[in-house]
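Just below is one structure, and these are the notes that go with it.
Letters are used for the chains, namely A, B, C and D, taken in the order the chains are written, and counting of residues starts over at 1 for each.
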Amino acid sequence: MVQESFDVERIRKDFPVLSRELPGGRPLVYLDSGNSSQKPVQVIDAMRDHLSLHYSNVGRAHHALGAESTEAYEAARDKVAAFVGAPAREEIIFTKNASEAINLVAYAFGNPLNTDPRFRVGPGDEIVVTEMEHHSNIVPWQFATQRTGATLRWFGVTDEGRLNLDDLDELINERTKIVAVAHQSNVLGTVNPIAAIVARARQVGALVLVDASQSVPHKPVNVAELGADFVAFTGHKMVGPSGIGVLWGRAELLDAMPPFLGGGEMIEAVWMDHSTFAPIPHKFEAGTPPIVEAVGLAAAVDYLTEVGMPAIQDWEHHLTGYALAALSEIPELRLIGPRDLDSRGGTISFTLRNRAGDPIHPHDVGQILDDVFGVAVRVGHHCARPLHLRFGIPATTRASLYLYNTTDELDALVRGLHHVQKVFG
Amino acid sequence: MVQESFDVERIRKDFPVLSRELPGGRPLVYLDSGNSSQKPVQVIDAMRDHLSLHYSNVGRAHHALGAESTEAYEAARDKVAAFVGAPAREEIIFTKNASEAINLVAYAFGNPLNTDPRFRVGPGDEIVVTEMEHHSNIVPWQFATQRTGATLRWFGVTDEGRLNLDDLDELINERTKIVAVAHQSNVLGTVNPIAAIVARARQVGALVLVDASQSVPHKPVNVAELGADFVAFTGHKMVGPSGIGVLWGRAELLDAMPPFLGGGEMIEAVWMDHSTFAPIPHKFEAGTPPIVEAVGLAAAVDYLTEVGMPAIQDWEHHLTGYALAALSEIPELRLIGPRDLDSRGGTISFTLRNRAGDPIHPHDVGQILDDVFGVAVRVGHHCARPLHLRFGIPATTRASLYLYNTTDELDALVRGLHHVQKVFG
Amino acid sequence: MIAESMYQELILEHYKHPQGRGLREPYDAEVHHVNPTCGDEITMRVKVDDGKVADVSYDGQGCSISQAAASVLHELAAGTTVEESLAVVDEFTRLLQGRGQVEPDEDVLGDAVAFAGVAKFPARVKCALLAWMAYKDAVVRSTR
Amino acid sequence: MIAESMYQELILEHYKHPQGRGLREPYDAEVHHVNPTCGDEITMRVKVDDGKVADVSYDGQGCSISQAAASVLHELAAGTTVEESLAVVDEFTRLLQGRGQVEPDEDVLGDAVAFAGVAKFPARVKCALLAWMAYKDAVVRSTR
């Protein structure tokens, strides 16, 4: 089995924070990587080295440091392109996070500056999302429909936490301009059937944006194979720094789209009364880009590639199976999301009651886990409030796993939950 | 004189890159801080320390690391607020750079989601900029006028490189919605008379945005005293990291504006068909913010405060006087910008001819300075093409100074220029 | 560990044995506040007699912090003057919004000092404040 | 230092003594290209006879790199076949767009190898390519 050859202890040594003691002598058990991942020393050092010795602005500079910094920044684009199998490096746009990447696409729709019919939207047109989306893949589309008079529609979610595709052919129809869907849910762990959605979208000529914020960090993702038109993800969830996200898009579409943010570096020529724009990717990178963040992201991509994305996927699969089994032994725990390991990642959300059957608020679960055991989980609606409304609950507790987690840590989680039940017994 | 007590050698030791040797044994003479500044070890270490031991996502996390990271992120807001004299901390919005900050404001105008009359724009309305603006303070307003049918107008520039205010009362009139103007030109060095512009804007009820990207790093700036409605600046030019910019705005206006980017953390509650929004500053900070970048920016602000902004201003004043005098000895050098030190910062742009009077292209000037002397200047139009068109030149060479520069470095620049004249003689 | 903890004994005590819980009559004003980000809810009634808080009664659902905060509020406010109680609310708000940097005035806050640890968790601050903001709102309405 | 430099002697030589500069007749096609980011301009004429490049004539203004690149182009293209010259253009383009990572084929490039150092400066790549792109454009038009 692959996971037996996975040297998690060696990996843990790369992440300084994992050796840290929390106040009160608690060890850190970090089960909140779905929120943001920790960083290996390779990433931290690459950033420090760049800031110390090679930093300057990029593109526009004609001196030695400018050349070094530009080389590092553009090499990061090459690395990210290769990491996700982008057919062309120009198709990788660096944004500040996944949210900006999605907004960039959403603002193309119904933009008065747009000239391409695919982004022309008005009353009668439809935009389709799903009930399990992160707010970052809902709110930009609400704005787009509010701006244009188009209608927002969405796929429902089954009790098991899967996308309900019964209405596929009705929901995605000739009026649909774009379908925006998560590759993997940040609450349920569910991996969605992108191929089926893309196939239907192709039939009716709709575009597809995949929010891969929760998949790219955890398994091999190839944007060409995925078949979508746009794919968004974010550096800080894939052992990279905050301050950088990625939009991949088909070159032909990115070329056709109107610019979004205006400013330095995204132009070809500027007169007082009009401007012409640089080719992609620069057209969408206004102002000074996240330079040292790109350097950090490149180091992150190198790190993940070195460990091996298939190995990471297998390890997380192993951990997820272990966690699901261990948690199922707590009768008062209700899993929100698939129980089986098929098409599911290592994001595990649940509600908890005490032995007497009274609900324990997730805030309290999370706080006791942290206070007493140093177990860091996320509690709340995880920026997916509509999904929680769908399940009739205000909040869940979520453990989300990554390459550096161990079965010991999952045991600590389970011990912690038993203690929570006692405290609020 | 203040500059004699300014220990520039001690300061230089804080910036690792300044001790670096470039390939070929060249020392580094970094005169490109107007493009982006170098970083002191205090900033680099603060970022490394945060990434190594305290990192997690902010706001939404309920665990120890989440608390530490949130505390650091929000403390950065406090520090930035104090640094520029913001009346309230909520008025500081972290963006990815100054360009995003300006776009955020520009996208409020004529936004279909807007409900406030001050941001309602249509044909007949006017937006006013100046001919000396950076592209980042032109293009967003071109977009705004193109979206809304409003008219873009602008202040001209005198031969000496000052704003031509002769038309003040005509240019800013009852039809004006907003005036967007640089505090200090990134080409000319000119410091603009914001008070006069604000006074006129107040008479007619127009808003004022000040692009302070080139002033906040170099002298004490107090947004309350400045009197504008919005002030934008950027971390990487003020010894902070890339990936973070700042928008300051009057709370009352920020409250009234429609949201810009949609996503996690900027919401109050989300349903599938609509959302409500968080109060400022979060309303404008969609998605995971630049966390470690805010930590770096806080360290930058601490660093600048420790050295003292008045001392920095004095030192740069001293250097600028020295540079202007030295450059005036080269008869074939034409300064683009004010010759006198009044209302002028340490940004010095010029064109150069050889002894025979043939123009030497700035690209060649910059490259020889770099290749032979390790002198890093910027060449081109510095993202201010309309200003160059105004002066009838495609490009200039620009030396831009900062607290770590010395008169020796300015001597190196002058020596380098003599050599350039020889090479292209 | 408990010293480091946000969960002071006192908070758990109030959560498990809430003081003054339940909606009572008579009352001058009733308000209903919701924290949309986490679904916590509270209904609060206030009875004011002659500048004195005659009764604070409430019902709601939410995490232990929000429930305990309502209970502590009841203890501190009921029986004092409106003015005194609003001073406590102000000090409590200052403490909670201080991001862990504010030195609380124990004389004013009494038991409510136990919530100092909450101030470091911005996501929990709203939980602690829910009942207190509802109270302030109700008092304003009842004296109008 | 000159070894590290982008300014190979050869580039400066071509800049100071440009080969084949000036617009000549007869020609099959004339194009005018501009680099809007820095204002460099070139007008280029091509005369093709029987698949052979009979003349490449040009005039323009800009930095030494863009001027020298036009001169080197003239030397390499004039007298060769259209096909050969386009192969050189392709290799030159590959070198320049390679961000300093491409090993140039000296056999194909000849003197144009001197521009290898330019590839590391994205802002200068367009200067070096201006004349070459104009040439490609002109050739395509002249053989149409």
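Everything that follows uses one rule, which is that contacts are C-beta pairs under 8 Å (C-beta built on N, C-alpha and C of every residue); 3 or more make two chains touch, one makes a residue touch a chain.
Just so we're clear, the structure is a prediction, and the values are computed from it rather than from any experiment.
Any chain that touches chain A and also touches chain B is listed here: C, D. Comparing mean CA positions across the assembly, the chain most remote from chain C is D. If each chain is reduced to the centroid of its CA atoms, chain B and chain D end up 37 Å from each other.
One simple way to say how far apart two chains are is to compare their mean CA positions; for chain A and chain D this gives 45 Å.
Rounded to whole angstrom, the centroid-to-centroid distance between chain C and chain D, based on C-alpha atoms, equals 77 Å.
Residue positions 37, 121, 123-124 of chain D are each in touch with at least two other chains. Of all residues in chain A, those that touch two or more other chains are 23, 26, 60-62, 66, 269, 363, 367, 380. Against chain B, the residues of chain C that register as touching in their complex are 36-37, 99-100, 120-124. Interface residues of chain A facing chain C in the complex, by the touch rule stated above, are 23-26, 361-364, 367-368, 371-372, 380-381, 394-395, 423-424. Against chain D, in their complex, chain A makes its touches with residues 59-62, 66-67, 70-71, 74-75, 268-269, 276. Against chain A, the residues of chain C that register as touching in their complex are 1, 3-7, 12, 15, 37-40, 62-65, 121, 123-124, 127. Against chain B, in their complex, chain A makes its touches with residues 16-17, 20, 22-23, 26, 28, 30, 32, 35-36, 38-39, 41, 43-44, 47-48, 51-57, 60-66, 95-100, 102-103, 106, 111-113, 129, 131, 134-136, 138-140, 142-143, 146-147, 152, 154, 234, 236, 241-245, 259, 261-267, 269-275, 286-293, 363, 366-367, 369-370, 374-380, 382-383, 385-386, 389.
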